[in-house]
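Below is one structure, written out as structure tokens; the observations come after it.
Naming follows writing order (A, B, C, D, E and F), and every chain is counted from residue 1.
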Amino acid sequence: MTPGDLHPPLAAVREAVSRAIAEDVLPLGDLTAGLVDPGHRVRAAFVSRAAGVVAGRLCAAEAFHQVDPAVHAEWQRDDGDAVVEGTVIGVVGGSLRSILTAERTALNFLCHLSGVATLTRRYVEAVAGTRARILDTRKTTPGLRALEKAAVRAGGGRNHRGNLSELVLVKDNHLGGMSIEEAVARAHERWPSRVVEVECDGLEQVREALAAGASLVLLDNMTPDEVKQCVAEVGGSIPVEVSGGVGLATVRSYAEAGADLVSVGALTHSAPVLDIGLDLEGEPVS
Amino acid sequence: MTPGDLHPPLAAVREAVSRAIAEDVLPLGDLTAGLVDPGHRVRAAFVSRAAGVVAGRLCAAEAFHQVDPAVHAEWQRDDGDAVVEGTVIGVVGGSLRSILTAERTALNFLCHLSGVATLTRRYVEAVAGTRARILDTRKTTPGLRALEKAAVRAGGGRNHRGNLSELVLVKDNHLGGMSIEEAVARAHERWPSRVVEVECDGLEQVREALAAGASLVLLDNMTPDEVKQCVAEVGGSIPVEVSGGVGLATVRSYAEAGADLVSVGALTHSAPVLDIGLDLEGEPVS
Amino acid sequence: MTPGDLHPPLAAVREAVSRAIAEDVLPLGDLTAGLVDPGHRVRAAFVSRAAGVVAGRLCAAEAFHQVDPAVHAEWQRDDGDAVVEGTVIGVVGGSLRSILTAERTALNFLCHLSGVATLTRRYVEAVAGTRARILDTRKTTPGLRALEKAAVRAGGGRNHRGNLSELVLVKDNHLGGMSIEEAVARAHERWPSRVVEVECDGLEQVREALAAGASLVLLDNMTPDEVKQCVAEVGGSIPVEVSGGVGLATVRSYAEAGADLVSVGALTHSAPVLDIGLDLEGEPVS
Amino acid sequence: MTPGDLHPPLAAVREAVSRAIAEDVLPLGDLTAGLVDPGHRVRAAFVSRAAGVVAGRLCAAEAFHQVDPAVHAEWQRDDGDAVVEGTVIGVVGGSLRSILTAERTALNFLCHLSGVATLTRRYVEAVAGTRARILDTRKTTPGLRALEKAAVRAGGGRNHRGNLSELVLVKDNHLGGMSIEEAVARAHERWPSRVVEVECDGLEQVREALAAGASLVLLDNMTPDEVKQCVAEVGGSIPVEVSGGVGLATVRSYAEAGADLVSVGALTHSAPVLDIGLDLEGEPVS
Amino acid sequence: MTPGDLHPPLAAVREAVSRAIAEDVLPLGDLTAGLVDPGHRVRAAFVSRAAGVVAGRLCAAEAFHQVDPAVHAEWQRDDGDAVVEGTVIGVVGGSLRSILTAERTALNFLCHLSGVATLTRRYVEAVAGTRARILDTRKTTPGLRALEKAAVRAGGGRNHRGNLSELVLVKDNHLGGMSIEEAVARAHERWPSRVVEVECDGLEQVREALAAGASLVLLDNMTPDEVKQCVAEVGGSIPVEVSGGVGLATVRSYAEAGADLVSVGALTHSAPVLDIGLDLEGEPVS
Amino acid sequence: MTPGDLHPPLAAVREAVSRAIAEDVLPLGDLTAGLVDPGHRVRAAFVSRAAGVVAGRLCAAEAFHQVDPAVHAEWQRDDGDAVVEGTVIGVVGGSLRSILTAERTALNFLCHLSGVATLTRRYVEAVAGTRARILDTRKTTPGLRALEKAAVRAGGGRNHRGNLSELVLVKDNHLGGMSIEEAVARAHERWPSRVVEVECDGLEQVREALAAGASLVLLDNMTPDEVKQCVAEVGGSIPVEVSGGVGLATVRSYAEAGADLVSVGALTHSAPVLDIGLDLEGEPVS
């Protein structure tokens, strides 16, 4: 895996950081940092307080840059890298005032996104050796989709659709009076170059989806045994995705049941932060 | 407690929802909902799948409103209300297309913010009967501070500072060459109408802070016994806040040690979602 | 085809119109309309001056709404409807000042987007009776992608990817040192739920793409005869898209050569406007 | 003519490009470019595929800059320069990934704006040797007015009013119950330092406009002969503008009829793109 | 003078108010209003505490609307109306909480803009009976140009250019190596439909400007006697504007010296507020 | 006092300047500066035309930077520095076109904010030698709060709350049916880490506020004698703020009456500009 595609687009980074900085420093600036001697310069290290996977480096860097372009940063770890307790992720140097003002915003991004990457990695490792890939969902924190989906990639996961406009996913609720066959036919007719995925709640619907020409089936809230049956029915003709009630304890059983893709909402909606701190280095820098 | 101050400002609601809707429906709209008959109208209920506390009602309502102003909503529960598994929080009615398109955005707000409120409530209940109040921190999800801080209020918590400009909080890192006495003096001199809080790592610093005229002391990473000692030292002259490593298992011991305020970063940075779903009601509405 | 999915998302409409109104009325407002008696009320009709297809109704309506919420509008034609010279598309009524101020912005959207829909319809009609579908491209006017892609749908075309994040499309320039096989393998590995399309410049590359497991091939700048050969090679296993140098005069020959999809940049980058005017109705309204 | 005033304001460039990049790369970034080796570096040339006039250089440069500040660009041609098929307009160098990601956005600006400049130049050349100047109108693409009006300047045209607030232009529809005399009097009274232009549909109205003290008359939808009559009536006392139904075939006859200014909506609303491509140079750059 | 053109465009009102509300209520809302019983409803009157001229009514109304759409407002006075101490300008009714939260924002607009209108009116009255019109300048408060220029109109003044793009105004600093003749010639050549104004510091430059074909001369920092000389030189052929060091005490002497236009930066850069308060009416409304 | 905390946050500077530049140069750019030879380079000095205090340096610098990043600036004076007539505040060098285009925006910020700082300094000097500190209010120009509050700091004043979310300030209007005791109790209960200030209109209310546990009392519209009485009553237990009808002529008498804080709305709502000009230096720079 090459690092480049593990980052979010810069456009997303700049806008999210700009909003976050405004949120934290307006209107009066940092009352407390303003008490510090403006000439006081330091170096400070981002240090992981626990094991995990880094994500959000660009956001952290951008936070310092927006508060004070004169703060410089060097990074020892990048998005996707594993860290243990005590790993130095990066070092920033410059005015103590500026570093203290930007610190919390930088950490809020880094800890949250690394939390997402870390939880993703745990799921990925839980299915290691199977063909299954871990997918995220659209259950992301409002306003942070691009960043959280990149963090999932940093954790080794794959991205399901980024929004409602990327592919067709027919769920039960869409079928008010339409058969699966009809829905898939409409979808192929209107969106001829798109993946058309169909959510199925049982073997019967899987058969309908296959017959209708679905590109992907999504098995929702099934047991591993039910998944195994459906996978057998599909017979490798199209990929099979599993979702619903999949936790770290159960994900491997779904993978071993033959799922190609396992999507997990918790990656983005319930990941606890990775604890990362900013430690000031001993002596002030002249 | 009256409900009005449990909501975030409308300005924050509108902007966050507008960003989230754009994130989910641009550029091509909802490919799948577009397959549904445009005349198909339904009612659908927000139903809690677990016990918890509601927050984010205004955001959920705004999501439907921005997607389709003709969708109407009625709410049985409001921010701050407790729900159990199966509680109907509210009902929306209108075009099935519009409801499906707005559903995920509405739920992303509702589940995340109710998750924050629910976790807060658990901390609040853990200290019930003591004088301690549960506070949030600035460890919020970037871009959602106003909403998450309102969710903390909905959970029964109190808000610590909303940003760096609301009060002075002198931490270790600010004291590069300044004594606590000097820092507090500068703070009172420059910000005469503000709370000046001082983070203390031990009894000695508490004494310095008191002598310096701090308005509040923050005891960081102490044991309950150490807190008890510091509380005794302070003797009720100013409020005492405790933070650092406080979990559900330990929060009561800190409260019983005499803390007035216990701040918990996890309320906003690591709250799992409250599981809420949108259930379509049986028959289409003509 | 139902009309609902022929419109752009409201979020795109509101933002584009807001920008356009600001562009036209700030800072001093409409100097000339301000000369008119503020009590003067009229009705005015959008009338097509030529045959074509309507698109942009929501934008036109929104322009009046943003200038003056008291202006009301009724629409006789909607996006996707064919019109001839003299067809009344809709009627607005209200303050003459407001109507004159919003007129140009409303027409700029309506004429441009209807121009896109009209040109699309001509291509669609040129391939009528074949299996070919007309697709747009990413060659859209900056800032108007969501609106122009909806106009293509209104014209009866289909949308290719909305942006770089919707599907994988491997072109020659991506193959700096990678084989098609390698590129497709990487794509499936990293984006397992996505369409992976491969641009091919000849039969050999088509074979490579098929062998590599592409979901779609894009035949670039071929003659209809070359297309026919490639289509035969593909043998219906995956859809075949044709692009490059396709004009109204040649599009049918590509369709008859067996292309499933024909993408045409000109739909959005070079469509002349559909001439639509706003005619004031005879007598002032009291 | 010096080149400096042929460019749009940087503020317009930055905002339009930022919007366009967001439109094309969010939320997941460029799926395809992400497959390329991140260390792969290239040079690529913007090459005109047809004869025309360049406009939009600042936008193209800004697109690369916003995607990746490390991409560098050198320009051989600037806005306003004529090019022929094969002319190298500029060269960019840097990461292949970044260049491919920004390519389409850069080209969308460059091709569209150069299309506007090219069409303008054709009109300008068609009236060469007469006193007539070619003007644009407010019939611009929503959101791109500043850029398109600069492209008109690059093509050698002149800008009519940039928005409704720049000058007074009294049209038929404004005269609901007001005489031309009254309208012009009000305009001079309220906007004493402004041009007051009056649209006239015949000789009679021209006389009224002159008597009323108009600064400029706009002859709408007249034949060249009618224009000649009106020009004679005006006798050089104020400039005469012609608009309505002026095409490349007829523009010279209007110019020769004595018009000082000929405004052409098609410059901005119906200009086809100038075909410009980005050619990767042979060997990768180490 | 009809009231309609005394208001700023709604687009400017909405955006400025949205910014101001965000500025005042984020992140936590109005801490103090939140203490009030949410069911408490009142009526409150905007009452002038001094004599002056109203401006900013739309902004004040919009502030309440954005905080709480259920607050209703009725206006007894509109922009441009004179008030005396004690005049009721308008009345709002609704939730006390909402009214208190929006109060300061509404007043900040109303007092500032009415201050501009009031000062303008004093200048206008000082030149009553002469031909002189009072003009504003570009010396406006950053971000409020559209609103302040409307307030000048409400005061009876006229607007000079709204920005750098509306007309040509050649000042001394532009003449680095160019003669006035050359500058005016260039201006007419490049901006053929525009006013070309020339700033003159003495009779000699006035003659040059006239010879060059300026549309307007601006006499900068002259005494009334010098103005009189220049006005005589111009002889009514074009309007004469005076600026620089004009105060309430001296403005009439400039007007009597024959100036057509007198521009006064102080109207927008140094107008004190008009004191307006919001008085709660006696009894709560049930 | 160190200079660092006298500046507004960069986030506020960038956004306000970006808005102001857009306001002044869109859509067509600076028509007049475009007449100047693009190769003409100059140096120009910001020179104070009167005595005062500087504020807004960052905004002025940012204005040039946004118009043309190649313009360089050096500053001889910074925010908070006193200047006299003729003091050179800073020097910019670069393209004459760019400098002329940015000049007015830069000056609008610099003159307005220095006006605020200058008026503040006069109040500060008027109470020199007393314990009183001069405070601003929320009566700021909409959209400029962060900048104006920084200017107050530059003038030597202190900032009262930056918005409604920073502290509790109970005024008469909040007491609809609540006693002061009840209001303060609610405030401490809901906002336990905040200052709770109570506005008092007489001695009786001061006693109630003290009894209720207010952190600060605000004496509104009292005479100095009344203030003296209240100060005696408070006896130094909490700070005493005075507001309402305080002018330069009376401020010292309030300070001598024992007020700790005197808040003055006029600092931000009615400060006249400090007159600063931009003088071009003699010879063009090659």
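Here, a residue touches a chain if its C-beta (ideal position, glycine included) is under 8 Å from a C-beta of that chain, and two chains touch if they have at least 3 such contacts.
As the structure is a prediction and not an experimental result, all values here were calculated from the model.
Chemist: In this assembly, which chains make contact with chain C and also with chain F?
Modeler: Neighbours common to chain C and chain F are A, B, D, E.
Chemist: Where in A-D, A-B or E-F does the B-C interface recur, with over half of the contact pairs identical by residue number?
Modeler: When the residue numbers line up for over half the pairs, the pair is A-D.
Chemist: Suppose chain centres are the mean of their C-alpha atoms. Which chain sits farthest from chain A?
Modeler: The most remote chain is E.
Chemist: Rotation angle, chain B onto chain D: superpose the C-alpha atoms of these two copies and give the value as a multiple of 5 degrees.
Modeler: Copies differ by a rotation of 180 degrees.
Chemist: Whole-Å distance, chain C centre to chain D centre, using C-alpha means?
Modeler: It comes to 22 Å between the two C-alpha centres.
Chemist: Can you check how far apart chain B and chain F are, centre to centre, with Cα atoms defining each centre and the answer in Å?
Modeler: 32
Chemist: How many angstrom lie between the CA centroids of chain B and chain E, rounded to a whole number?
Modeler: 43
Chemist: Which residues does chain D have that touch at least 2 chains other than itself?
Modeler: 5, 23, 25-29, 34-35, 37, 145-146, 159, 162-163, 165-167, 190-191, 194
Chemist: Provide the residue numbers of chain D that touch chain F in the complex, in ascending order.
Modeler: Per the stated touch rule, the residues are 2-5, 7-12, 15, 145-146, 149-150, 159, 162-163.
Chemist: Quick one: in the complex, what on chain A touches chain F?
Modeler: Contact set of chain A toward chain F: 18, 21-22, 25-29, 34-35, 37-38, 66-68, 97.
Chemist: What does chain A use to touch chain C in their complex?
Modeler: By the definition above, chain A touches chain C via 5, 133, 135, 158-162, 165-167, 190-195, 197, 216, 239, 241, 260-261.
Chemist: Using the touch definition up top, name the residues of chain B that touch chain A in the complex.
Modeler: Within the complex, chain B contacts chain A at residues 16-17, 19-20, 23-37, 40, 42, 59, 96, 100-101, 104-105, 107-109, 111-112, 115, 138-146, 163-171, 173-174, 176-178, 183, 186-187, 190-191, 194, 266, 269-270, 272-273, 280, 284.
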